[in-house]
Structure formats: C-alpha cells, structure tokens
Amino acid sequence: VVKISEKLPKWAIERYSRQILLPEIGVKGQEKLMGAKVLVVGAGGLGCPAAVYLAGAGVGEIGIVDYDQVDLTNIHRQILHSEADQNVSKAQSAADSLRSINSKIKLTPYNIELNPSNALEISANYDVILDCTDNVPTRYMLNDVSVLNKMPLISGSALKMEGQLTIYGYRAKTNQNDKGYKYIGPCYRCVFPTPPPPEAVGSCSADGVAGPIPGVIGTLQALETIKLIVGQTHDNLLVGRLLLFDGEDMSFRNVKLRPRNPECEICSESPKITKLLNYEVVCRMQSKEKDLDLDIL
Amino acid sequence: VVKISEKLPKWAIERYSRQILLPEIGVKGQEKLMGAKVLVVGAGGLGCPAAVYLAGAGVGEIGIVDYDQVDLTNIHRQILHSEADQNVSKAQSAADSLRSINSKIKLTPYNIELNPSNALEISANYDVILDCTDNVPTRYMLNDVSVLNKMPLISGSALKMEGQLTIYGYRAKTNQNDKGYKYIGPCYRCVFPTPPPPEAVGSCSADGVAGPIPGVIGTLQALETIKLIVGQTHDNLLVGRLLLFDGEDMSFRNVKLRPRNPECEICSESPKITKLLNYEVVCRMQSKEKDLDLDIL
Amino acid sequence: TMEPLKVHIQFGGGAELLFDKIKRREVELPALKKYYPDCKHEKWLIKDLLVWIKDNLLKERPELFLQGDSVRPGILVLINDADWELYGELDYELQQNDTIMFISTLHGG
Amino acid sequence: TMEPLKVHIQFGGGAELLFDKIKRREVELPALKKYYPDCKHEKWLIKDLLVWIKDNLLKERPELFLQGDSVRPGILVLINDADWELYGELDYELQQNDTIMFISTLHGG
C-alpha cells in the first residue's frame, strides 16, 4: 500500500515504519520530517518531552537552546536530564540524550542565552521555533523573532496543574496543501498586545508545577510540529485556537482566539516594530529567573 | 508556608520542592508518593512516558513488566530505550533509564510475560496497576487482576492519531479524603462485557501510531496515578469518565461512562468470575502480537 | 411536527474507517413513518438510527459495526457525551440536535 | 423580562486565586436597573459584569484582575469558548446561560 520512495533510504522506511503507516504522514511526510529543521528554545519541562518526540520521529535537525545548568529540582519534569547531569549545561545534556535515541539526525546544543543580539541569526537556520521557555520577556522576543523571520511559533506553557498551547504566526503560503493561500494566523502580540504586570506572573520555581503538566504540553508541541511539517492545514492545527488543559480535573478546552490584528505592532502590513527590542525593559521583568531559595528549606 | 515534615528527609523536600509547592501534593502528598508502589505493565509507547514521570515524582517503588526486546521501530515513541538498547529486554532497558533519573527509588524490571499463572502474585506487591499494554487479552486479564486484588487500574490506549484514558476499579474506601465511602467505579467488564471481534482490533505495528499520541496518554496516566496516590477524590479523577483524544485536530473529550454494573461478571457482589481465566481463549486472540513483517519492506 | 430531525453523528477510534473515513456528519432524518412505513412507533429511536446508518452510510463490512440489532462489542455509543446505557440504549428517543458518537475502543500502546 | 440572568463564570490559569480559588461559579444577576439604578442601558453588558464581579466576588488585589474599566493585560476573556474580541469585548450583551471565562495566561515551562 505504501509506495517505496526514491528519496527515503531503506533503513529509514524500516525505522520509521510505525508513523509512515499513517496516512497523515506516509513516505512523503517522512521525507519532509527528515528535511526539517526545528529550534527548541528551552531544555526544561516543555523542551525535553517536545525534543524527544521530534528526535524519535526523525526530524532532520534539532537545535536546543538553554543557558542554564541541570539542577536536582528539575529532574522530576525535565526528562532528558539524569542525576549524573547535575550542573551540566541543559542544552548539552539534552543533546546527548537525544543523540543516544537517534544518531541519524543533526543535533546542535546552544549553551547560551537567546537575546535580541543573537536570536534572529540563530533561528534563521531553522524552519519552526518551539517556545518552551519560562518567562514573559523571552516569550515576546520569540514572537517577534517568529514574525520577523516568518517562521511559525509553537508556543507551550505550564504552571502548577495547568497548561496552554497554541501556534502563532502560521502562514498558509508556506504550505502547499493549505487552500487558504493568504491566510495568516494571529501572533502573540495580536492576542496579547500588552505584557502582564510583573506581579501577576507566576513561575515554576515559586509556584510549583506537577511534572506531567509540561510533559503533556511539550509532547503536544511535538505533535503539532510534526503535523505542521508534514503539511496539515491550519484547520487541523492549533492555529487561531488555544488549548487549555487543567490537570486538576483532566479538563481540556479548545477555545477560539481572535484573528490576526490588522493593526498589530509587529505582524501587520505596516508594523511599528521592525527589529528586536530590549524585552526586559518592555516587559519590566527579568528573563533570567534564577531559582529562588525556597522558604521551606 | 509549607510545613517541614517529620517523615520527609531534607534532600527529598529539596529535590521534589517544585511539586511539594502544589497544594494538591504538599509534604503529605510527597510522603504518600514515596510510600507508593506502582506496577507499570508494558514498557512501550505508553509505559515509557508513564514510568518516567512517576520516577521523576519519587514514587517509592515501580515495577515494570515487559517480555519483549527493544526493536528499532519502537524508539520513535518508547522514550526510555536508546539505539544501544536494541535487542535488550524492554523491562531492563526501562529500569536502567529510570534508575539514572532517580536512584532514590526501588525499580523492579520483570522480563516476563504476565499471564494468568503469575499476574495475581506479582501485582499483589503493588498499590496501583497501569495498563500500558497493546492487546485485548492482556487488557481483560489486567482488569480481572485489578478487581480480584482490589487495586485501581489506570488504563491508557493509543493507536494511529487517537488515544483513550480512564481509571477502572476505583474504590473510595481506600481513600480517606473521598466522602463517597462506598463508591466503586466501573471496571473494564462493566463497560465492555464482551471482547470485540478479533478482526476489528487494530495494532500499532499493523496500523501505525504517531509517537506523541501514546506520549500524551502515558504522561496523563502518570498524572492520574500521582493524583490518585496523593488522595484526590474520584470526581477529580477519570473515574466513570473516559478521555478521548484525537490528535488529528487536537480535540479532547471527556465522556461519561455507565456506572458499575451490579450484575458485572467480576466486580459485582456475587461474581461469576473468581479467578483468572485463559484470556487468549476468552478473547479468541493472541496476546503476544509479534511485530509483523511489513509489506512495504 | 414534520420538521426533519437534525442529528450529529460522529465516528472515532477507527469506526470511521467503515464510513468513508469521515468522522463528523450532520444528518437530517425524515419523519420516521415516511422512512419506515411499517414501524410501530412514531419517533426515531437509536435502533432505527442504526438501521438508517446501515442503509445509508455503511460502506463495507457491516459486521464490524453491527451485531444482531445493536452495535458490535467494543464500540461505545455516546449520546451527547454520555454512555448510551444511561439513556436506555437502543430505545433512546432521538432529540433535535443530539450528538451521537460511535467510538471504537483502542487497545494499542 | 424580570427573570434573573443566569451566567456561568469560570476562572483559570491562576486568576481563580483572586476569587477564593473557586474555578467555576454559577451566578444569577438581578435586573440591571435594580442593581445599577443610574445605568443608561437596559441589558447586562460584560462591562457591567466586571463591576459586579469586583463588588461581589473579588476578594483581594483588584489590580491583578482589573485595569481601568477592563481586565488587566494577560487575562483572556472568553465568551462561550471564544475570545471576547470576536463579540465586541466590553459591550457584549450577556445572554441567558452564557459561560464567561477569565483565563490568566501562563508563561512557565
């Protein structure tokens, strides 16, 4: 039933057979996956499960950015790091784990802080960005990178018992299957033009998180990335929709977001923002949220 | 805010701080997790993510059963196995990976086929069973084990782009927080008294599966297990409810199941079934579904 | 009334493979007596819907969907997101705009 | 009519912390004129609901929920599972049985 490909080597057809069997993927989809380049920003609770399923699926190139080192308190949810990796660079530790899972793909760890002076250049080497970060300034920066570089942004977030997931900056133009040729999905700024007040923002180190929460969201980020790469159209993707997950009672909700804002400061036809900004100033928040010493110790 | 525990050592409070911070877990919940014993049946696409988040959370004892060896076609979704583990026992490979993540817990690999002659005895050492298997006869057997041993069964399944999850055999009696003291949730046989016809049953090797699908379901199995262990009541758990997940369009649905059947062949007050059966005969199906040689090769 | 009865029919878990792989359908059912002149009751019950589905939607291998006058074991029938056993199974009377799902249970991992 | 307006109010993403940690509430709103005699319009709009929530439900730190006459940046308002921007935001007229959700966006990973 499945046709043999001229481009896919026999080892790849065998190794990835369980997903090639799916009509949604097939040989053509596997070729696309093996030709795809994905940048995962953050090798933490979201980035670890996202990257492991992308590596498993045979995504050709995966870049992993994280400036932080592995801490014992990370391990309950950051599944690419083991006890022996404590104090090792998270990007390096993640890349090593991924290499042991799939030696056939290219892995590039970036043991640096993504910032306005390097973000556009680094991400220009990739087709898709996964936002697996943990702070507001970086989320605004990645959105602007996604719009300026015309790359979709698969944005996940998790805190306590809840998670959220959507795709920003989707462009039908880059997908030959998508009939709505001119359709562009909303960007982060279309939906959230103004950053939240700093005192309203929680964090995993201050508020806690159950490990499986980012586990589910990160895994779903990988799924949406795979679907995007193989050419699923925007009505099947979380474009213009936000998935809300509450682990407390296992409720999931797909809610409809507003469309792209024709006046959006960055993704409109005549944008006010044309280069990256100083996001810590814009958001009145630090991006490097260093682990707090906990009162309970 | 969080009180220091007399039972929890300082290292545990530090290591697990991100989940102890959650009101749903706290110090008391962490104590329960560290005292809990969980049996994961199947070290495949569901069992790997389920076990990794249970190990991360510090569940005191995890048993992992699988008679199979790691095959290259497993790796896209069975994230505890690496390329170097090919032909190694899956139970052993999984236990080794989990040990590197958490050396503080007890891990027991069972490199055997769970069958009617050993299943009751092995599972009697545990508090909860996770059904992470891939075939009908084993699912009926695990249900009967769960009822006969009075242990809840956290049952996940995945195929192609879809997944399903629920908890069978929940007993409020064992949960001091649960007001409905006598409540017992349905078992698998309450909902599905008759096995499906063999020709209607699909499998990952014949029909394919996208890696993140069992990834999501297995991760959610871990979350429900954690919630169950820390004493969440049945209205917050997937008891009497089935979660349906369709990755094709990222839709999730919580549907209401029928209650326990007072005439159920195994979980009623006067059961017809009082010991394990020959499930391959009952279901007219083999449980060892050996990987098929694919036509496409 | 003679107003056609509109119901949403959904298939999942592989059951859609028997129905041209279409997971969601909206169907309009005519007056029951018009469709089944010999029928003894007035309103559409789920058992009538099963026959209608077999006659109108089922493309192949009906034994993978029906067994006797009900659905085969392993297919869960849901009426507006609840197990049909809570609503009398085959004898449930369809209401305007009901969503009836047929979900094949999965066993893979 | 004088029938009270019943709406479902839900909080999530941490917004519930400002409301006694209760995520789901069902509230009955009296006739608008009874509650706000000086009000210029007849029917409940979301902007009236925000004031009502502030007066009746908000326990602490109102600045973490409201800013000016609207919700603060970073809280998504959903009317029956759709972004309120699709329905005129503050000027949307509440309907019987509407579900209004206030979801604080998450930034952790």
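Note that the chains are named A, B, C and D in the order they appear, and that numbering of residues resets to 1 at the start of each chain.
To be clear about the criterion, a contact is a pair of C-beta atoms (placed from the backbone, for glycine too) under 8 Å apart; a residue touches a chain by one contact, two chains touch by 3 or more.
Molecules present, by chain and UniProt name: C, D = Ubiquitin-related modifier 1 homolog.
These numbers were taken from a predicted model, which means no experiment stands behind them.
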Chain A to chain B, fewest steps along touching chains: 1
If you tally contacting C-beta pairs for every chain pair, which pair wins? A-B
Using mean C-alpha positions as chain centres, tell me how far chain B is from chain D in Å, no decimals. 40
Averaged over CA atoms, how far is the centre of chain A from the centre of chain D? Could you give it in whole Å? 32
For chain B, residues that touch 2 or more chains besides their own: 160, 204, 207, 209, 248, 253-254
Sites on chain D at which at least two other chains make contact: none
Testing understanding: with touching defined as stated, what is the shape of the graph linking the protein chains, line, ring, star, complete or other? line
Chain-to-chain touches, reported pairwise for every pair that qualifies: A-B, A-D, B-C
So in the complex, which bits of chain B are touching chain A? 1-2, 4, 10, 13-22, 24-25, 49, 52-53, 56-58, 72-73, 75-77, 79, 82-84, 100-103, 160-161, 204-213, 215-216, 219-220, 222-224, 226-227, 235-238, 241, 243, 247-254, 294-297
Interface residues, chain C side, partner chain B - complex: 12-14, 23, 63-64, 67, 72-76, 78, 81-83, 85-86, 101, 103-109
Going by the contact rule set out above, which residues of chain A touch chain D in the complex? 42, 44-47, 132-136, 139, 156-160, 162-164, 191-197, 199-204, 207, 209, 214, 242, 244, 246, 248, 253-258
